[in-house]
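Paired with chain B in one complex and with chain C in the other, chain A is shared by the two complexes that follow.
And then the complex of A and B:
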């Protein structure tokens, strides 16, 4: 970011102008990245689903394995009529997809893809991503309420109950690596794991915490088996039932973007970040770092898809039982156990 | 730049606050409250209190207002209408009274300026988080208030579960499950009660 500002100042722009230009470039490139990534992920999801169900999935559009299917879908969504329910609330209906998307989008600015390759190097990295992602719930409730439809409202209420509940185990599980590393900054996790090996192998509590975080992040992204807010067999399509066209596609973008953020946090906090091998790293050349990290992120996105197409959806009460009876207590056990290991000076399989 | 950020977040906060006070529909007021709290979180951030700002967003924007929204949405819209005139009259009166109470207590400026507690400037380069953490667990800092708050919250949690369970037992005796969920098995009802 600072180097970008310096670059624009070098072009002869004044202080605030250079800053705005740098931010505009960052936001535009990030938007482009998320859009292209989401298109690819949707295509990947359809292919993964198809192969799990022993079919081919999209094969026609764009000749090679239907690679252009998502592009065609995006063009279709762009030209689709944008319907607003006449009985609903126009302003909130209009602004809800933006609120939902902004929450996840803002999380992207703190993700480091390589040393220095991030938009803002926040001291609060992990905490900021968790905090800003919680804004998304407000947008979903807005969408559900403004649609003036029972299905939408049911979906929104389920989403709120589920996401707010699963924030507790997710945040507690994230506290375990934070406790070991002693920092919120995402870059520090990469540096720590270069010396000590992947945190998931650092001590047994971190392994369990990684699992708890991954399960909770599935619920946070509304992915199956926790896709109750969408539950197409009962609620049409949940909180975005009334949406169409471009606004509908924003909810899709948000879902895939939040999968990316969750996978990025899992990869960076537990699975070594841009360190290739479980026993540490630091030798990887800088241009290789984003490749390693993004491969890991896509592996976790693949696992999310894999789970979606192999597990049945949980019932509402099972979702709540899972969160409060199993994940929250185990997350607390992990936190206390990891603190005990740190106090005794144990741990570190490879350090 | 700092001015620009300050006026942006202050504008969001003031706009949200006005919406809370003057909007006729209570659900809109809650969304206004979201904007106001978000603006205040941003103001903390511009003042250099990054941890406080993020906590504000995590707890108030993403947590407390969701519960408020539930409460407001479950009330009927007719009962939730507030007349504009009454708000216009009540806001200055309540504000004036609050100001008088504060002045009588200590004087507003002294409350803002000297809290009588440890105040630490954030060193550049590491944010405020390490200092806040150290103050929370050091006896010279806020260890006792921190512990008391933790115990209080635990008591509140246990109390909430107990109250919800008791109501659930009554509902079960009357032969119907708690509202809004299918009475499938005992575990389901218990978890609904915990969540209610």
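And then the complex of A and C:
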């Protein structure tokens, strides 16, 4: 970011202008990245689903294995009629997709793809991503309320209950690596894991914490088996039942973008970030760092898809029981155990 | 103690069943080839007893109208003028808008001249084209006619006069040429029917 501002100042722009130009460029490139990624992820999801169900999936659009299917879908969504329920709250209905998308979009600015390759190097990066991702719930409740439909409202209420509940184990599980590394800054995790190896292997409590965070992030992204907010067999499609066209596609974009953020956090905090091997790194050439991180992220996105087509949807009470009876206590056990290990100076398989 | 055993039992069963399920879906993902086919490019060969479009062997037909009487939906229209033992055909048409493909018209035929092929691609853009005049088969090229004969023989399970026919260059029933000829014949017929 600072280097970008310096670049624009070098072009002869004054202070505020250079800052605005740098932010505009960052936001535009991020939007482009998220859109292209989401299209690819949707295509990937359809192919993974198809092959798990012994089908082919999209094969016709575009020459090779239907690669252009998502592009065609996006064009279709652009030209679809934008319906607003006449009895609903028009303003909330109109703004809800933007609120939902903004929460996830803001999370992207703190993700470091390589040393210095992040938009804002926040000292509270993990905290910021967790906090800003919660904004999404407000948008979902807005969407559910403004739609004036019982299915939308049920979906929104379920979403609120589920996401708020699963933020407790997710945040507690994230505290475990933070406790070990001693920093909230995402770049510090990469540096620590370059010296000490992947945190998931650092001590047994971190392994369990990684699993807990991954499960909680599934619930946070509304992914199966926690896709209660849009349970198709019960609630039509949950909080976005009444949405169509481009507004609907924003919810879709948000789902895949939040999968990316969750996978990025899992990869950075527990699985070494841009360090290729479990026993540490730091020797990888700098241009390779984003490739390594993004391939890890796509691996976790693939696992999310794999789980979606493996496990059936849980019941509401089962979701709540899993969150409060199993994940929360074990997250606290991990936190206390990791603190104990740190106090005794144990752990560190490769350090 | 039961509650505690249940608690840890739940954890272990959740983990083991998820792992087991993921192993199964991974096997399907990685190792099982897709069982669906890419329809317009790959096709399923229907079983011999498949009830598709009809064909008529016009030279054998005696204008007895038994098939039209057997038809539960009255979709067969027959019209011919008798000149002694020879027939001057006016019409032998099946309205596929009505036809329910019940095959009642086939066994009643005393001279075994009407058959059902395994042609199943009946979609058309023109509803009027769905009234098919089976007499137009007679306007087919000789090789198409032979393909029809081969299809009939295959349908009946007769091993065709294969040696003689193949000597004349007729396609083997079920072979690629036979299929191509059948499809060409059907296309030609649909074109005539809708014209």
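FYI, the second predicted complex is superposed on the first by the 351 of 351 C-alpha atoms of A that agree within 3 Å, B and C clash if a C-alpha of one lies under 4 Å from a C-alpha of the other, contacts with A are read in each partner's own complex, and residues count from 1 in each chain.
One rule holds in what follows: contacts are C-beta pairs under 8 Å (C-beta built on N, C-alpha and C of every residue); 3 or more make two chains touch, one makes a residue touch a chain.
Just so it is clear, the structure is predicted and the values come from calculations on it, not from any experiment.
**Student:** In the superposition on chain A, see if there is space for chain B and chain C together, and answer fit or clash.
**Tutor:** Superposition result for chain B and chain C: fit.
**Student:** Between chain B and chain C, whom does A:51 touch in the aligned arrangement: first, second, both, or neither?
**Tutor:** In the superposition, A:51 touches chain C alone.
**Student:** Of the two partners chain B and chain C, which one touches more residues belonging to chain A?
**Tutor:** B
**Student:** For the overlay on chain A, what angle lies at chain A between chain B and chain C, C-alpha centres, nearest 10°?
**Tutor:** 130
**Student:** Regarding the shared-chain residue A:326, is it in contact with chain B (first), chain C (second), both, or neither?
**Tutor:** A:326 contacts chain C only, not chain B.
**Student:** Just to be sure I read the superposition right, which of the two partners does A:310 touch: chain B = first, chain C = second, or both, or neither?
**Tutor:** The second partner, chain C, only.
**Student:** If we overlay the two complexes on their shared chain A, which of chain B and chain C does A:127 touch? Say first, second, both or neither.
**Tutor:** In the superposition, A:127 touches chain B alone.
**Student:** Considering only touches as defined above, state whether A:202 meets chain B (first), chain C (second), both or neither.
**Tutor:** A:202: touches no partner chain.
**Student:** Once chain A of both complexes is superposed, is A:167 in touch with chain B (first), chain C (second), both, or neither?
**Tutor:** first
**Student:** In the overlay, answer first, second, both or neither for which of chain B and chain C A:300 touches.
**Tutor:** neither
**Student:** Minimum Cα separation, chain B versus chain C, post-superposition (Å)?
**Tutor:** Taking the overlay as described at the top, chain B lies 11 Å from chain C at its nearest C-alpha.
**Student:** Which residues of chain A are in contact with chain B in one complex and with chain C in the other?
**Tutor:** The answer is residues 325 of chain A.
**Student:** Can you list the residues on chain B that touch chain A in the complex?
**Tutor:** 1, 4, 27-28, 31, 34, 38, 50-51, 54-55, 57-58, 61-63, 65-66, 69-70, 73, 126-127, 129, 181, 184-185, 187-188, 191-192, 194-195
**Student:** In the complex of these two chains, what residues of chain A are touching chain B?
**Tutor:** Answer in residue numbers: 15-16, 19, 92, 122-124, 127-128, 130-135, 137-138, 141-142, 145, 153, 157, 160-161, 164-165, 167, 184, 315-317, 320-321, 324-325.
**Student:** Per the contact definition, I'd like the list of chain A residues that touch chain C in the complex.
**Tutor:** 48, 50-56, 59, 306-307, 309-311, 322, 325-326
**Student:** Can you list the chain C residues touching chain A in their complex?
**Tutor:** 7, 10-11, 14, 18, 21-22, 24-26, 28-29, 32-36, 38
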